[in-house]
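Letters are used for the chains, namely A, B, C and D, taken in the order the chains are written, and counting of residues starts over at 1 for each.
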Amino acid sequence: MGKEGRSRVRTVCPYCAVGCHVDLLVEEGRAVGLDYATDSPVNGGNLCAKGNAVLDLLDHPDRLRTPLRRTASGWEAVGWDEALDWAAERIGTIRDRHGPDALGFLSSAKCTNEENYLLQKLARLLGSNNVDHCARLCHASTLTGLAPVLGMGAATNPLHDLAQARCLFLVGSNPAENHPVAFQWVREAKDKGAVVIVADPRKTPTAWIADLHLPVRPGTDIALLHAMLHVILREGLEDKAFIRSRTTGFERTVRAVRDTAPEWAQSVTGVPAGDILRAARLFARTRPGALIYCMGITQHHNGTQAVRACANLALATGNVGRPGSGLIPVRGQDNVQGACDMGALSALLPGYRPVADPQARAAMEALWGCPPGTIPDRPGLTVTEMEAEAGRTLRALVAMGENPAVTSPAGGRVAEGLERLDFFLAIDLFLTESARSAHLVLPAAAWAEKSGSKTSADRRVQWSPRAVLPPGDARPDAWIITRLARRLGLGAHFPCESPEDVLREINRAVPAYGGITPERIREAPGGIHWPCPRQDHPGTPVLFEKTFATADGRARFFPVSFDPPPESPDADYPLCLTTGRVTAHYNSGSMTRRTPALLELSPELFVEVHPEDAARLGFSEGSRVRVVTRRGAVEASAYLSSAVARGVVFAPFHFPGTNRLTLDVVDPEARIPAFKAAACRLEPL
Amino acid sequence: MLLKREDVQARTITEDGRIFMEKAARDGLETVWDRYRAQQPQCGFCELGLSCRNCSMGPCRIDPFGEGPQRGVCGADADIIVARNLGRMIAAGSASHSDHGRDLVEVLRKVGEGKAPGYGIRSEEKLRKLASELGVSEDGQSVEALAVAVAEALEEEFGTRKKALAFVGRVPEKRRRIWEKLGITPRGIDRETSEMMHRTHMGVDNDWKSLLLHGLRNALSDGWGGSLIATEVSDILFGIPQPVASEVNLRVLKEDQVNIVLHGHNPIVSEMIFQAAQDPELMGLAEEKGARGINLAGLCCTGNELLMRRGIPMAGNHLMTELALSTGLIDMMLVDYQCIMPALGETARCYHTRMVSTSDKAKYPFMEHREFHPENARDLARDLVREAVENFVRRIPAKVLSPPGAPVKMMAGFSVEAIVSALGGSAGPLIDAIKSGAIQGAVGVVGCNNPKIRHDYGHVTLTTRLIENDVLVVDTGCAAVAHAKAGLKVPEAAEKAGPGLRQVCRALGIPPVLHMGSCVDNVRIFDLAAALAHALGTDISDLPLAAAAPEWYSEKAVSIACYAVASGVYTVLGTPPPIFGSQNIVKLLTEDLEGLLGASFAVEPDPARAADLILERIRAKRAALGL
Amino acid sequence: MEPFLFVDFSRCIACQACWAACRREHGGVSRLHLLCFQEAAVPLACRQCRKAPCAGFCPEGALVQEEGRGVKFLEERCTHCGLCAAACPFGVLEIVPGPVPDLSRCDLCRRRWEEGLMPVCVLTCPTRALSLDAGGAVGRRRRAQPAAFPVS
Amino acid sequence: MERILVRWERCVGCRSCELACRVAHSASGDLFSAVLERPAPSRRIYVEQADKTPSPFLCRQCEDAPCVRSCPTRALAHDETTGLVAYEPARCIGCHGCVMACPFGMIQPDVREGFIAKCDRCKGRDRPACVEACPTHTLVLEKDFLDLRRKEAVRNLVQSGNPV
């Protein structure tokens, strides 16, 4: 690879869940450049803007280089032994004093499978199910929505399979901006003549190539999906053979959509009835068709229901279980799928076995070698519940790579809660908005500074090897958790020294990962798609080709009811605020807002407003405006664009503030916050 | 379908051709020229040899301008595709001549076995000569037994068991060594053709150079194999041609006689027809029907075969075949095979003419098929002549146009033996004339007609230019008929020759353009060339000789041209062969072969410029010989 | 044919990957500009004009048209007069201020080119909106046309 | 000038039009010499396999042409008299904007006269080379096109068994 002493190491990009390969050029343990992994079966060398700027995360001046303890006079650098001893002492004390339920653990979709596995194991060995992570904020409703429908809540087809689809229906999903590399397969399908239908309140770059754009009002997707199903059934376009042979519960769903005609949906969604009719016919007649949905579906008060409405549409048209079809939730973070698989969820053990299931608990306790009854039998607190309980019943919180002060709804209250904790331990790359409230901050290694496996949105498990050294005294999260566990007297249960050792334990703990051994995965150029139960199993790119993962092997239709968003525009708050991503930034922005190139592209919070709304309110492009909801207000600059419908305001959620505006409501099943629709008003400054 | 006068002028230089082209148009006939025009534009890829249909992964084409695909589906590039196509053309041409030869060998065997009534051994001398060449012992054998033995030996030439064809022995030593060095000594006639078809199958020989070398070998298996056997056995069966006077052009068709026209290439059938037409009973029948006799006339090479040996008149060459029908005077046209346009049958339906196909391997739309075999030939020939006579009365007066004027006189019959005898028994005087410069050199002007070239213009222009420069022209096939129509084949034509050649012609009483036969008879030219080279103790390529095919069209012509060059004779083609898609192959054929074989190809559509190329060549060869 | 950056506007999704790649490759200044419009975006960079106005206007001969290699910049001749930037019809040539003023202009990643590598923007673009293969891209456009309108 | 229209359904993909176009735009004007010319003469008509059928595509001489609009030097301009999008090599700076702008892919970079190759409807020829070369009469001039379409329509009507 070119120059003397320079090596080329293929790593998996730390940003979104497409799982792109990035080749780092390494000299003496330092990254000196990146190159495009043109031979990668995953991304073929393509990278998005964030991927291109990924090197800036290594050696970033803001990186934490040593453990920091908060003192009255400010941050004090401490050694690892001192820091870990202190952390163990505080956690132990709080547990002894308040019981294990006073402990909370925020795991991270930004960390490897091994790290997530270790953190949930630590929590559970300490006797707490209070372990959760930010999947709760993005795709929890996919898990709760799809698990009873298909038997598991994951993308049914690999992302590159989109290229084989003849029809792509994207609902509340904007891969052109959020997953640009994955968009290539949408583009490829379109090149081959596929029909593209996009339902989104905004005319996003994804919608630029759409044959049909359905500008649905935020929060009314279920009405749209119902109306489409109504048309399909009315016109007999459903896949009768598939429904008969592979599903149950269809009749109840038929009844549920009896009255949801396009004309009714038009009044609810704002999408012309004719377009709904066309979309339904196109999707039903053009097979195979893939239904791609994202946080536009999941982040609602009825996210679970909306996910099931998507599933009903895909099942009714037979678009599950064959190449080019599928139900594809595109995950946001690089390892959100893996973190869920590892049981970093308050109600689920590794491999999605409910904590309430005694057999599941017993199996895990046996594997871990701990006394029966160690794992509590009740689900623990979710992310939002932990935040709400912070400083109340929850006395100590360990946050690994999470920044809830920015990412969680009603962010202002979360920050206050963090301040009230007896002990808040943050493990992160940077001193994030949340970490500023911590008592102890431990410097973590970034993606290329540690080895581990990650699972991308399409269940592709890939190994990302360590390429460079962490800056200063930063350490991989796995190292930190293991050392902390040993100081907490759990050393016997944490024998693993390397990520490979941990993965071997995962092979035994998570059946779907049974055959994904370190030896195999390091050699697999495109990773392995779980389920891969045995060493000789090739992996499963397309799920449910023969049978579903439900008890009877059939998919189940769930009748879904539509109820309008809890908050609609009114005289005081006449506009509808929806949130989303921009191409330059990522999640809370703790990484991207520290990257000069990306900050240059998108330096500050803005709100996208239709020009006519702006004209009526008397402001112009670039004006400063205040966005006000019942929960708070933030300032932003105005960006005028007819990409949003009249009456809709869009704000990216990567900047502190946006989530102070959003609704304080969660989906009753998934406990996912309703980020996507809130009533607001704009006040020119 | 009315023709403009300038169209007619542009299509042919012959007067009868013009008259009957207009007649044909009036009668609503579609001629070869009309069809050629309807085919315009013709496919440029195919013209360049860049299209390949050898397999069903294709068809494939190579973009000659470099932007589009440069390889076929199999990966063959322009060089390979052009070489394969050319190879298959050679194979087809070689197969045609050789199959023609084999048919004659079969008759020879049947004659020996006494199963071919009417046929006989006309030239025992040649039979014995061939027997000795083939190593067949003559001791105590009857002529019939010898015929069988020679036929058997000739059959072997077609097979696969030889290291070299027997007649390679006629080739000068130096040339044979060149062939051996290049590995192109022909081994078996069918073997080389079969091997060519094999090599050009997808995934066999993909070295364009070795493909082309095998092409030369395949062509040599024709020139010193198939064609040569055809000529020699024809001579054995039907006699060695001797100088004979005859006439040519459509005016040889007589309004008051039963006109039977013989068209094709193989004389087996037409020789029997000739015999039957001499039958007094049938001649009587003709008179009964009001005809003044039975007039046999020839077209193409079957015509040439009978002209050479029996002196029958020639109605015309390849492009005249349809126009001959348009006279309305032909009572029967008998065809065997090769160069018979599939359109003829339908054309004839416009008239009373009966069209009869005779070969088991060649059938045509709208023709009666009356199959000839050595066993039934004599009787069938009589039947057919009778039927032709009976058809005389069915002429459609309104459609008859008697060609005005008189036919052109001509001399033919110049076999090698006849030339040597005209020279007084040896090639010496010819060699002397060449040495003295009276004759600068000799050129074989051969080949077909092609509607891409103004009919006969290429032949006549080139040949006129050559004889003006004291170059003796020998010819065969359709070229020979073109020259005859232009009046170049009478001793008086010596006046058109340069002073040296004129003097030689006058002294010997021969025309400056010598008719050596049909297109298989091109081998006579090479026989003569080889004899001259022997006499001078040198190689053919050192002699001041050349060959030209100004109006060629057929695959047989490709084979002929290739064996000409491989035998050491510089060959100028008028119509571009489909090779120009590969500059490598063009360079090899037009330049590099010179170093390997002492001869190469040139392509020159303008006959006057072609003549200049040839004259330059002859001067160079003469200079090299110190003449 | 001399290569140039072929931009298929219809494929661009405004993802900014090319911009970010260019900026990284060229020390923090992107030589490629992504112009976003309401429903389209256009990456704009030096067009590698065959008769380049920038070279034509340069009074010092610092920009010269090299046959087969496009416009070449001879730094030692440059007086930073800015005429080239003014001459460029596309505004993609920039004098970068600094102690040693530099000319910022897309050179198709000439350094990578010499190592046999593609320009970074082409490699990174997920939708193949950018390519060096104009012929191929134009051909794909032709083939994307609906061939036969139905004639029964 | 009469436009060249395409009877798509007749194209057999022989590419004769492409060859004829190149020959018409070569220095020699003759196939056998044109193949030797360097640089090779360019084509301005393209036979492509589009949607499973071969079809010839050529410049549509748009009235409000994207290539004209993209041209910074007016080297491409709509000629009111001929109705063609005319190319003036002397004004061209070779920026390739038109190549990118043409939504149909009908302009290619070139190196012979000027910097692009674009259909000029065979300057100085009565019938364009491609029209002359087309063996199936897929490419026809506008008047012929309409004439032939009418005849086809009538023939279909008559053959339908319901003559007027």
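Definition applied: a contact is a pair of C-beta atoms (placed from the backbone, for glycine too) under 8 Å apart; a residue touches a chain by one contact, two chains touch by 3 or more.
All values derive from a computational prediction rather than experimental measurement.
Set side by side, the interfaces C-D and B-D show unequal numbers of C-beta pairs in contact, with more at C-D.
Nearest to the overall CA centre, using the mean of each chain's CA atoms, is chain D.
Averaging C-alpha coordinates per chain places the centre of chain C 29 Å away from that of chain D.
We define each chain's centre as the mean of its Cα atoms; on that basis chain B and chain C are separated by 64 Å. Inter-chain spacing, taken between the CA centroids of chain A and chain B, is 84 Å.
Centroid to centroid, with C-alpha atoms defining each point, chain B and chain D lie 45 Å apart. Counting partner chains per residue, chain B has residues 67 touching two or more of them.
Viewed as a contact network, the protein chains form an open path, each link joining two chains that touch. Inter-chain contacts, as defined above, occur between A-C, B-D, C-D.
Listed in rising order, the residues of chain B touching chain D in the complex are 39, 41, 43-45, 47-48, 61, 64-68, 576, 580-581, 583.
Contact residues of chain C toward chain D in the complex are 1, 4, 6-10, 47-53, 89-90, 134-135, 137-149, 151.
Touching chain A in their complex are the following residues of chain C: 11, 13-17, 19-21, 23-24, 28, 38-41, 115, 120, 123-128, 140, 144. Of all residues in chain D, only 7-9, 46, 48-55, 57, 72-73, 92-97, 99-100, 102-109, 111, 115 touch chain C in the complex they form. Every residue of chain D that touches chain B in the complex is listed here, in rising order: 14-16, 18-20, 22-23, 31-32, 34-36, 40-43, 132-133, 135.
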